[in-house]
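The structure that follows is given in the form of structure tokens.
As written, the chain order gives the labels A, B, C and D, with residue 1 at the start of each chain.
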Amino acid sequence: MADQKIAAYICQGCGLGERLDTVDLAKVAQKEGKAHVVREHEFLCNVDGVKTIQNDIDSEGVTHIMIAACSRRAKAEAFYFPAVAMSRANLREGVIWCQPDTDEARETTQEMAADYVRMGCAEVKKMIQPQGNPGAVRNNRILVVGGGMSGMTAALQAAKAGYGVVLVEKAGQLGGWAGKIYKRIPSRSPYQDPQDTGVEEMVKAIETDSRIKVYLNAVVAKTGGAPGRFQVEVGQESGAAGTEEVGAIVQATGFSLYDANNLPELGYGKSANVVDQAGLEKLAKEGNGAIRRPSDGGEVKTVVFVQCAGQRDASGKHLAYCSGSCCNTSIKQAMYFKDANPDVNTVVIFDDLRTPGNGEDFYRSAQNKGVTFTKGKVSAVEATGNTCKVTFHDLILNDQNATIVDADLVVLATGQVPNSGVDIDAKLKAEVAAANGDTSLLEAIEAQEASGQKPISVLNLDYRQGPDMPQLKYGFNDSHFICFPYETRRTGIYAAGPVRRPMDMVQAAEDATGAAMKAIQALENAAVGRAAHPRSGDLSYPSFRIEGCTQCKRCTVECPFGAIDEDEKRYPQFNEPRCRRCGTCMGACPVRVISFENYSVDTVGSQIKAVDVPDEFSEKPRILLLACENDAYPALDMAAMNREIYSAFVRIIPVRCLGSVNTIWITDALNSGYDGVMMMGCKHGDDYQCHFVKGSELASYRMSKVDDTLKGMGLEVERVRTFEAAITDIERLPKLINEYAAVIREIGMSPFKGF
Amino acid sequence: MAKKEYAFYPGCSSQTKASSSNYLVSVNSMCKTLDIKLTQIPDWNCCGASIGYAEGGELPRHVLNARNFALAEQHLSGQDVVATCAACWLGARETKERLGASAQLLADTNEALKEAGLSYKGEAEIRHMVEVLIEDLGYEELAKPVVKPLAGLKIAGYVGCQTNRPFGIAGESFENPKYLDKLIETVGAEAVPYDQKVTCCGGALAFSEPEKSQKQIRDIVESAYDHGADMIVTPCPLCQANVEIYQGEVNKRFGTKFNIPVAYYSQLLTVAYGGSAKDAALDGQVIRPTKLEELASKK
Amino acid sequence: MSEANTQAVEKYRNNFLKEVEERVEEGEWVKMCMQCGVCSGSCPFGPHWAHPPQEIFMMIRAGKRDEVLTSDSMWMCTSCYNCIVRCPRKLPITHIMHGLANYAHRLGLAPKGQPTREFGKMFWNNLVATGRVNELKLSLSLYFKDGFSQGIKNAMAMKDVGLGMLKAKRLNPFELFSPHGCKDRKGIHAMLKKAREIEDRRKHLTS
Amino acid sequence: MTEVVATNETILVVGGGISGMTAALEAAECGKDVVLVEKNSHLGGRVSMLYRYFPKMCHPSCGLEINLRRIKGNRRIRVLTMAEVTGISGSAGDYTASVKISPRFVNEKCTACGACTDAVETEVPNPFNYNLNKVKAAYLPSAMAYPQRYVLDPSLVGTAEGEKAKAACKYDAIDLGMQEETVQFKAGAVVWATGWQPYDAAKIQPYGYDRFDNVITSVEFERLADPHGPTGGKIQRPSDGREAKNVAFIQCAGSRDENHLRHCSRICCMASLKQTNYVREAYGDEGNSTVYYIDIRAIDRFEDFYQKVKADPNVAFVKSKVAKIVEDEKTKDVILHGVDTEGYHRYANQHDLVVLAVGMEPSVKGANIPAEIVADSSGFIEADPANGGLFGAGCASNPLDVNRAVQSATASALRAIQVINRVARVEG
């Protein structure tokens, strides 16, 4: 590493010059910050200021710069110097905008600013500007698992963009569900009639596309490696196997219909004339639209469609969710009959009819064709000879025992169950449930293990953390981020179609196209060693000092993205392309051997130590606040923009994620005389808002253990507090800080000062 | 400006000595001032009204209206048909729209009309007098002849149903049409805001279901009172009749003391244009519009 | 039960919706209702409807023929057109209600003595006589519909109204003797007769 | 004069809401050059004006922060604000776009110090809060605004106030002489992500949005709940600022209605369910919500959220399209009239506040898209070969919730890249 030359720049703009003694700050940077070059500037972000900095870099050989001006969130375009390491001391939002402009406050305000200058210098000194992973490799192919509408779409769209595709389908032909149905719900205006599935054309297109390699009757036997360098073993029934190298993966394994055999009360299995939606499609396809009565091939005069069969079920027996597409499917299927013979009586019994968007046109069209829609709840379907009696509660006419006596055919709209492979958290969830008194899950798992039959994996990942993608509720795959639907917990692997959320074919195709986009992006990122969302473009990556490692495995267990495996010597093996640079491993490591070039135990630790801690008689406590850079830190910035005032004794350090907080920072702070430590991270739990999924949860878990440490040090437990913070908490966070400052005043100054 | 000519369809209730003859008289005076020439459609017949459905059914009602159109086309070719009665206008317009939309209905209608030696071509437009005033003349034109601004007169403009729904006056909303208020202001009176502007008066059911209808009438009159109106003004003969003549019954039934005059917009304009109480047929009111009468008698 | 009704029952068996679509004015719209209820909430006589329009549409689809046709609900329609202008599916509800009432009346299923039914009948016959409505005769026949003595009562009850109208010259006693009317009554009668024939033909109605 | 460097391998993204930002970012993070055109003074679009998302109840500004950081750190994206595409000519792989840029009267020297705001008195309606309150005529559009640069209301130009603002700026950032300009540049593909606008509630006459103070729209309600909003996050009635503890939500306000919007806007049911949570959040057991609906369309896993709200004893559901609203002239309470169609119950319910769940109208509707484009009966852009290299994304293509809008935007980025890569292959 070339020797460091640090330059510090103190801005006087935006009132900094008036509110602060910048000459003094310059001195601090020079004497304490050990900056080789120190400059004050009345307007640092203007052309001249930027030129000054660039000039120092170009001709003065400056390698590290510390900019003491506004928040790192402001003027990012002006202060863009990719060639050098840079830290930002937040004097505007972080000091003068959150402190009263009064003579009394002058001193503490200046102290605050001085500390941030010290911290900025200390941080940048420890930073190395990352150059990206030298081991980065490019692979321009993606693997698509599943050859249904989603998989075929992903394959064709990726190929159309010029990328290679390996398409693996477990059946003997492509098409999946789409290949089994007679017609599909219309995807184009006027949204009036069922339309051809278009599967044949897609299959033809795939077969004739030289960029797409198809495996039929095949499964993924093993997936190893990482984005940019996945090795995939494809196993085929024939026994033959292929090995493929791909850069990214799309999992489009679709859904299975909920098993109607669970619905005997609705007559399934008791009469051939009670079918599920797949059964009806089969009849329609075989008869090419002409549908006869299954039991005797007789004419169909009345058909009843039972919506939400085994769905939206509160009892816990069936599916709790709505499959989103069954209303349109039943409408389509009713049209099979009406289009063939308008005199067929078709009744759809629904609770809420759910045809969002242009589906409303499809609904209208069905009514126009004479399909009858009845708001009701079906209680029973009884077979009598060749017809069925459907009993339901008519909710409009408030008739508890409304009946349709002569139904020739009853179609149960059962829902979509995702084909998402092994639930890698099943055991964990079961144990948690058992801990809460419900042992059923655990027993089920044990029974299964005893029986020797293993749940079938889709991807067979050889990841430390399990063979498939983590699942959300009801077995659907990641993700539940609203702004970032593709952010799975397995970098470079994207779920598409009904395996991630119940959906219809139009959505599935759209979703698959997006997933293909993300897969392509993942391999492009991998090719240059760039991080994927949310730290897109980050070139840093974790490394560890093998000599210090105790093989405790916390990093491999806790990484939210399964980025770390164990090598044959049981040392952690980092797969950088899988890494999202959250630093959770760094926070986990008890011996502190894991670090990033530009973010490490040292970059933060040295900031903590750089703060000037007054003695215990000064009545000037020091509170360390470690704030999540995604939510808490911006919220504090915006609070300052609203001129919300908070304690001058707090020193704030933004962290990538609370998950990256290593307890050593806490103990260091307390040892060096801080009076309290606050941590602010995102909401965790079911509706977690942590951008790194588990970071804030892990942090709060770790901190729950910190009490003992405190007691060991003879300190009050109040001296360390973790808070959940949201980006909208612009009024709440300053209040929290001030309340906490009051608590510290209560319990008094730390005894550890000046050691 | 040039004389405007229209084929006039007064309708049963507006003919001489009928329940809204005062409407007819005032319309004539008003049109005289505004230089509008109305020529009655020779031998016009009843529109069937809404209530005709019970016995009349569908086609016969269309045929009745078609006959009037046919006569107008025949004798007053090129002129729009103008109705003063809301029901007549609505009935005629419905027929015109339906016949325009259905070739079948059109053929059937003409087959029936042949029996009366007529045929319907669908040339003539059907307009309500209010449309003529607003669209063909405009508020400015209507303001010009005002010689006696009805200053100080507080009026509740009661639009009711059938000049308002389903067709309504172009550019007006169903829930809060403003044209009547604008007419009232055009003649210098004050339009009071109140919330029963488009409430149904019970229509024909005032006869068959007096109890239910009179509750409607009460709400309308009460609200007009509460908002300080001196009188109510309407463009519809049935509204006028129901809201005016049943006030006594309403008082009996609900123990109220209503006695608010209900006039036609045409009577307002006539008076504002300097017409006498007679020109405005104010003597045709069951409840005397004293304030309006005073203004009319002022020299 | 009229012959027309038996014939209808024969013809349509249990498909009341189809019967309505073929025979009731604007009946083909019934299937388009999505049960939002805005019509029912918009009717000025709403509280007096045993079955509001949207419910009637559902009953038709459910094949509740007798309940619908013998109901007096449709007769509550004041023709205010609120329902029509608010219906999100643009159903011509007012006309459907008129159509249903008329159909029930034609089949003789409408409630006997239902006042609006009676009045509607008088109104029509009254206007057909001369081609124009004779208001005096109309109101008198209304008062006397339930016999002479009841008529006197009714007339007395309404005498204030009548007198008021007389005073205002808006009720003309001479109407009784020399009523208004069209000249070509023959033509009008022939034309209306024909119209009825055609309509019956179109709606497969014979009575 | 604004300089825009672009080639046939550049992707033009129209609209800087979450869909447009997503499309731009996904493409740029794939190494493509993007010009992102936004008509407002800042990015973020409609979602940045929402308080929380369903079903997680998390905050849109959280995702916005991340997206803005991605944009700040990515040199491949050129952002043009206060800019509108006025013309697109050419064909897939070779378009020329004309973009009109309105004067902001504040240049890039702005440090967002706020001195100009302090200097002026004049106030103008605040579009960020749907004009529910006012802002100084020299203002930062929102706390999250990017670019973090102030805006001068045109009304200040040529006034003493304008000069005051200029004088207050130490950094010479205020340029009252700024003129509207039109720039032209090349693009190989266009992603049209102009989003949606709330349906004009005044057109739904029986609900009296234009007549009654306490009838507001769902988007306005979001601002009431937001701490950055006009009431600082307090749910108060416009008529008298009184706490609105008994709130009615009317579904399908414009949607599923042949007199207004023919389509179902998909998000409104969930939005109202979410907003019942705001009421509970604000008033606990004293807060009551009533949802008037035709069908509750809580599709897929959203059903959980619906069930949760349904279980709340303070939230009632009435299956009914409200017939009309009347105002109590004294209390200014709103009274809803209608019929509960489940078993026929007539009601006249009094509420403090009515929130109309207004439908989604595509912003492209009515707006003259300066290119040949295929749209459906509601004006949403359809995927059609005839559109060449022009692709609809997000709510310009369909009424979508945020999650689906982002999926759509991500897909549109790939469609654009397909065109760009074809061009690249040809041009070698």
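We adopt the following convention: a contact is a pair of C-beta atoms (placed from the backbone, for glycine too) under 8 Å apart; a residue touches a chain by one contact, two chains touch by 3 or more.
Keep in mind that this is a model prediction, so the values were computed, not measured.
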Chains in simultaneous contact with chain A and chain B: C, D
Chain pair showing more contacts of the two, B-C and B-D: B-C
Distance between the centres, which are taken as Cα means, of chain D and chain A, whole angstrom: 24
Centre-of-Cα separation between chain D and chain B, whole angstrom: 46
Length of the line joining the C-alpha centres of chain A and chain C, rounded to whole Å: 64
Contacts with 2+ other chains: residues of chain C: 34-35, 54-55, 82, 85, 89
Sequence positions of chain A contacting 2 or more other chains: 353, 375, 396-397
Where chain D touches two or more other chains at once, by residue number: 206, 256, 319, 324, 341, 344
Chain-chain contacts as defined at top: A-C, A-D, B-C, B-D, C-D
Touching residues on chain A, where the partner in the complex is chain C: 345, 353, 363-364, 367-368, 370, 372-375, 394, 396-397, 402
Chain D - residues contacting chain B, complex: 205-206, 208, 211, 324, 326-327, 329
Touch list for chain C against partner chain B, complex: 25, 44-45, 48, 76, 78-82, 84-85, 94, 98-99, 101-102, 105-106, 115-121, 123-125, 127, 131-133, 135, 139, 142, 158, 160-161, 164-165, 167-172, 175, 180, 182-184, 187-188, 190-196, 198-199, 202
Chain A partner contacts - residues on chain C that touch it in the complex: 15, 17, 31-32, 34-35, 54-55, 58-59, 61-62, 64, 89
Chain D contact footprint on chain C (complex, rising order): 34-38, 40-42, 46-47, 51-52, 54-55, 82, 85-86, 88-90
